[in-house]
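Think of it as A, B and C in the order they're written, each chain with its own count starting at 1.
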Amino acid sequence: MEPLPLVDQHCHGVLREGPDEAAAFEALLTESDAPPAPGTRHFDTQLGFAVRRWCAPVLGLEPHCAPDDYLGRRRQLGAREATRRLLRAARIGTFLVDTGLPGDLTDPGELAAAGGGTAREIVRVERLAERAAAAAPGAAAFLAHLAEAIAAAAKTAAGFKTVAAYRYGLDLDPAPPSAAELRDAAARWLDSRRTDRLTDPVLLRHLMWSAARTGLPLQVHTGFGDPDLRLHRADPLLLTDFIRAVRPTGCRVVLLHCYPFHRNAGYLAAAYPHVYADVGLSLGHTGARAEAVLAEMLELTPFGKLLFSTDAYGLPELYLVGAQNFRQAVARLCARFTGEGSWSRSDADRVAALIAAGNARRLYGPGN
Amino acid sequence: MEPLPLVDQHCHGVLREGPDEAAAFEALLTESDAPPAPGTRHFDTQLGFAVRRWCAPVLGLEPHCAPDDYLGRRRQLGAREATRRLLRAARIGTFLVDTGLPGDLTDPGELAAAGGGTAREIVRVERLAERAAAAAPGAAAFLAHLAEAIAAAAKTAAGFKTVAAYRYGLDLDPAPPSAAELRDAAARWLDSRRTDRLTDPVLLRHLMWSAARTGLPLQVHTGFGDPDLRLHRADPLLLTDFIRAVRPTGCRVVLLHCYPFHRNAGYLAAAYPHVYADVGLSLGHTGARAEAVLAEMLELTPFGKLLFSTDAYGLPELYLVGAQNFRQAVARLCARFTGEGSWSRSDADRVAALIAAGNARRLYGPGN
Amino acid sequence: MEPLPLVDQHCHGVLREGPDEAAAFEALLTESDAPPAPGTRHFDTQLGFAVRRWCAPVLGLEPHCAPDDYLGRRRQLGAREATRRLLRAARIGTFLVDTGLPGDLTDPGELAAAGGGTAREIVRVERLAERAAAAAPGAAAFLAHLAEAIAAAAKTAAGFKTVAAYRYGLDLDPAPPSAAELRDAAARWLDSRRTDRLTDPVLLRHLMWSAARTGLPLQVHTGFGDPDLRLHRADPLLLTDFIRAVRPTGCRVVLLHCYPFHRNAGYLAAAYPHVYADVGLSLGHTGARAEAVLAEMLELTPFGKLLFSTDAYGLPELYLVGAQNFRQAVARLCARFTGEGSWSRSDADRVAALIAAGNARRLYGPGN
C-alpha cells in the first residue's frame, strides 16, 4: 500500500553541513540545552531509539545498529546525501517551514528540493518584531515597520507562528493592547537596547493580535519544548480567553505540540470552531509510544481539526522519525478501532487522510 | 449473558419532538455552541462514530451507515418511536435526572416510561436560586425562599447538583459565606436585575453549602463541558479545600465527568471517604477510547466509589452510546485484567456490578 | 530467567509487630487517613487486589484469596515470618530507607537483614529541623544545630529528602532565603512553640538549599500521597525555577512518585541534566495499570534518568507488590516494544536493568 501523503504543517530547516561529532548530533536529538547527565547519552531516549530504528536502514544499516556505527555511516555518506535519503524516505509532499530559527539551515526551497516536495513559509512574528526593532529609530517607526512587515509577510506566507509561550507564558492578558500601552511598551523595549529578544507581554499580545487580523492561521507553541520554557505556563487552556476574544477576527488558531496537555488541546478544538490541534513534537519524541499519544489526541479532537507535523529541526532524521512514527501510529490505531468494530474501514481511511494532509490543505488553502 | 443493569446517576431529558434537521441533530452531538468549522461536520468525532455504530442497528440500519441515512430513518420513525427504541436498547434501570436544563424536554416520568425504568430527580441549585430570585421582593425574602426551596427539594430529590464550574470556576473560597457577605451578595445580585443567571461566587458558595447541609449527595460539575467553561478552572483538585471543609456535614461529594482531570478525581475519591467520581461525559464522548479513559479512572478510584452516568441530554442516542461505551469498556477491561491474572473473575464481576449500579444504589439510597 | 535485581531508592520501615486487626492492616493499604466509605473497604482498590494476587502465594494461599483468609494466615505466621517471606520474595538488593516516619518500624539494618539485602539511609530534612528546634534555645542556636546535623548526615546518608509538598506546596519561592529572612523565620517558628511540625516556607526553602549544597541527591516528594496534600500544589513543574536555580550547586534532584503529573516529571528529566524521576507510589498503587503508567513515564524520561522505588511503608506487602508490579510492567513493555520492532531486544534488556538498578547505582554511588 502506498504510504499516506503528508503535509508537514510545522517544520524547520536542517543543517547544510554535518553535524559530524557525536555530541553535536546528539544535542539535536534532545530539547535540552545541556550535555547528558554523567553516565548517560541523549541516544538513550524514545527519540534516539526511533532514529536508530527508522533511519539506519535508509543509510544502508541494520535497524537498531549502534549509535556510533550510525554516525560513522552518516559521515561517510556526507550531510547532503544523508539528508537527501532521509527526506525522500519521509515522503512528505508539502513542507510549511517556520524560518524563524538561527543557524546554517536549509531554506524552504532547498528543503523542498531535497525532499522532493514543495514548501511554503510560516513566519514567526517575534522574529519580524526583532528585525523591525533593529532597524527602527524609535517606537513609532518600529510599530510602523512592524505593521508593514506583517502585511508583507501575509501576502506570501502560509501562516504565522508565535512563541509567546517561551518568551513570557500563555497566561497573557487576552485583549489587544491599547495604543497607549503599545507605544509605552515599544519605547521601553527599544530603550532597554535588548532588542535581540522580545519578552514584553504587551508586545507579544500585539504580535498575536496583528497576526490574527491578517486572516491567516496563527500557530501557537504550546506544551513541551526546550528548557527555556516554564511548561506549566504553556498549557493551551491558558489561551482560552484569547481564543474567545480573537474569534470575531476570523483567525484560526493552531495549537502546536500540546503534550502533555494534548487532551486539553483536544477540548479546545472541540469547543471552538476556529481552533485546531497539531501532533508535532509529541509523536516524534515519544517513539514507541506515539500510538498511545495520538490515541489520546483523538479522544475529543474533531477528526477535521487534527494536523500532522514533524517540528523537525537541524537533523533530517527528525523528518523521517516524525513521519514514520505518525504513519505507524495512525495505521495501528485504525486497525485497532476497525478490528473491534468501533470505526468502519472507510471511515478509518478517511480520518487518516484528513489528519495526514486533508485538514492542512483545507486550513492553509491552495498550494498545499 | 444479560447486560449489566445500570443506574444512570446523572442525565437529562430528551427532546419531545425532532430534531429533524441535520444541523439541529449535530448541534446536540457536540458540546460546542457553534457550527462546525468549514469543511467539517460534528458527526466526525468519536461520539459521532459511536452514534452510527451503536444506534443505527437499533433503528434497523447497518452499523456505520451514512449520517444522512441515519437521520432519514430517524425522521421516518418519528422522534417518539426512535426515543423508545434507543432508550429501551440502553437498558437503564434507574435514571437520576437533572431537571435544570431548559428546552422542550421529557420530564423524569416520561423518560422513565420511554426507557422502561424508574426515575428520580437531581435538583440543580443554581436553578432553585434563579427561581427564588425571580419571585422575591428583596434579599431577605430571596434568601428565605431559597432556603425553603432547598428544604422542599431535599424531601424528594435523590441529590443536588451545582454548576459552579460554569458560573465562576471551582477556585471558589471554600468556606461558607458569613450572613453579612450573603446578604450583601444577594442584594447586589437582585439589584443588578440579572437574575436570569447566577454567577456571584458568594451565592454559589452559599448554594453548595446549603445543599451539603441537607445530607443528600452533591453532584459537582468538573472537567469538560461546553465552551462556557474555562476548563483549567474546572479541575476537581480546586475543590480540595471545599471537600475538606464540608466533610463534617456528612455531605457526599460526587465529581461529575472529570475528564481530562479524571486521575485527579480518582485521587480525591481515594483520599477522602466522602468523595465519589463519575464517568459521565468522559465515556460517551470518547467513543473508541472509552476503555482507555475508564482504565485511567480505575487506577486510584476505589472500586466502591466510581459511578456510571451518561449525562445524556436532548438526544436519546446519547443514552445508548453512553451505556454501550460503558458496558463494552467494562467488559474489555475486566477481560484484560483477568486474562493477565491481575484480577480474579469473581472480583471483576463484582467490580463491574458496583460501578454499573451498586455504588449508586448505596449512595442514593432506597428507590434506586 | 532470574528476576531483575532491584535498588529500591525510596522506602520506609515496616511494622515490627502486627498489624493483627483488619482495620489496622487496611489503613496501611491506603493513603487516606479515614475509614473507608460506608459499604466499602480499602481492599477494593488496585493495590488491595495486587496484595491478594502477589502476596497470598508467598504465604501459602491461592492468589486472590479472600481478604480475611489472607489476614488470618498472616496472623498465624506472625509478623516476623510474614515480613521475612514477603521481603525475600521481593528480591530487592538495596534499600534506600527514608527514616523520617514515626511508628514502631524496622530500622534500615533490620529491614536489610529481613530482606536479604543491604541498606543505606535517606535523611528527611524536615525531621532534622524539627529535632534541632526541639533542642535549641533560640534561633541562632537552632540554625547552627541544623547546619551541623545536615553536615553530619551528609557523611553517611545516600541522599536527602524533602516533603515540602506536604508542608507548604511546591509553589515556593525558588531562591535561597537571605540571612535576615532566615533568622526571622526561625525566630517566628520557635516562638510559635509549634516545633513539632515545620510548615514555614522560608525554612523549607532553607532546608532544600542546604541539602542541595551537600552535593548528595535530593529526593522531593511530588504528586499524590496522603490527604494532607493539596495535589495541585504538588505538580513537579512548580519546581521549575528551583531546579534552574539549584543547578550550579551540582545538586541532583529526584522527583518522587510524580503521578498524575508523571509526564511533567518526564519533561523535567529530559530538559535538565540534574533531574531524575522515580516510579514510586505510582506503580504500587495502580496495580493492574502499572504497565500503562510506566509506559507514560517512558515517553520523555531519558532511560538513564528513571528510578525504581516502592515507597513501601508499614506493610512488607507493599515491597512485594511494588517490586512485582514494576517487574511485570517492565517485562510487558519491553515485550511490546520489541515485538513491534520499536526497540531491539538488547536495548530493552539494557533499559530494564538501568531502571531497576543501574541508574540508582550511578546516582547514589558506591555501596549500592
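By our rule, a contact is a pair of C-beta atoms (placed from the backbone, for glycine too) under 8 Å apart; a residue touches a chain by one contact, two chains touch by 3 or more.
Quick caveat: nothing in here was measured; it's all calculated off a predicted structure.
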item: Those chains which touch chain C and also touch chain A; value: B
item: Homomeric contact chain A-chain B: same or different residue positions, threshold half; value: different
item: Whole-Å gap between the CA centroids of chain A and chain B; value: 37
item: Two or more partner chains touched - positions in chain C; value: none
item: Touch list for chain B against partner chain C, complex; value: 235, 237-238, 240-241, 244, 252, 263-264, 267-268, 270-274, 276, 295-296, 298-300, 302-305, 336-337, 340-344, 347, 351, 354, 362
item: Chain B contact footprint on chain C (complex, rising order); value: 30-32, 34-42, 44-46, 49-50, 53, 63-64, 224, 226-227, 229-232, 259-260, 285-289, 292-293
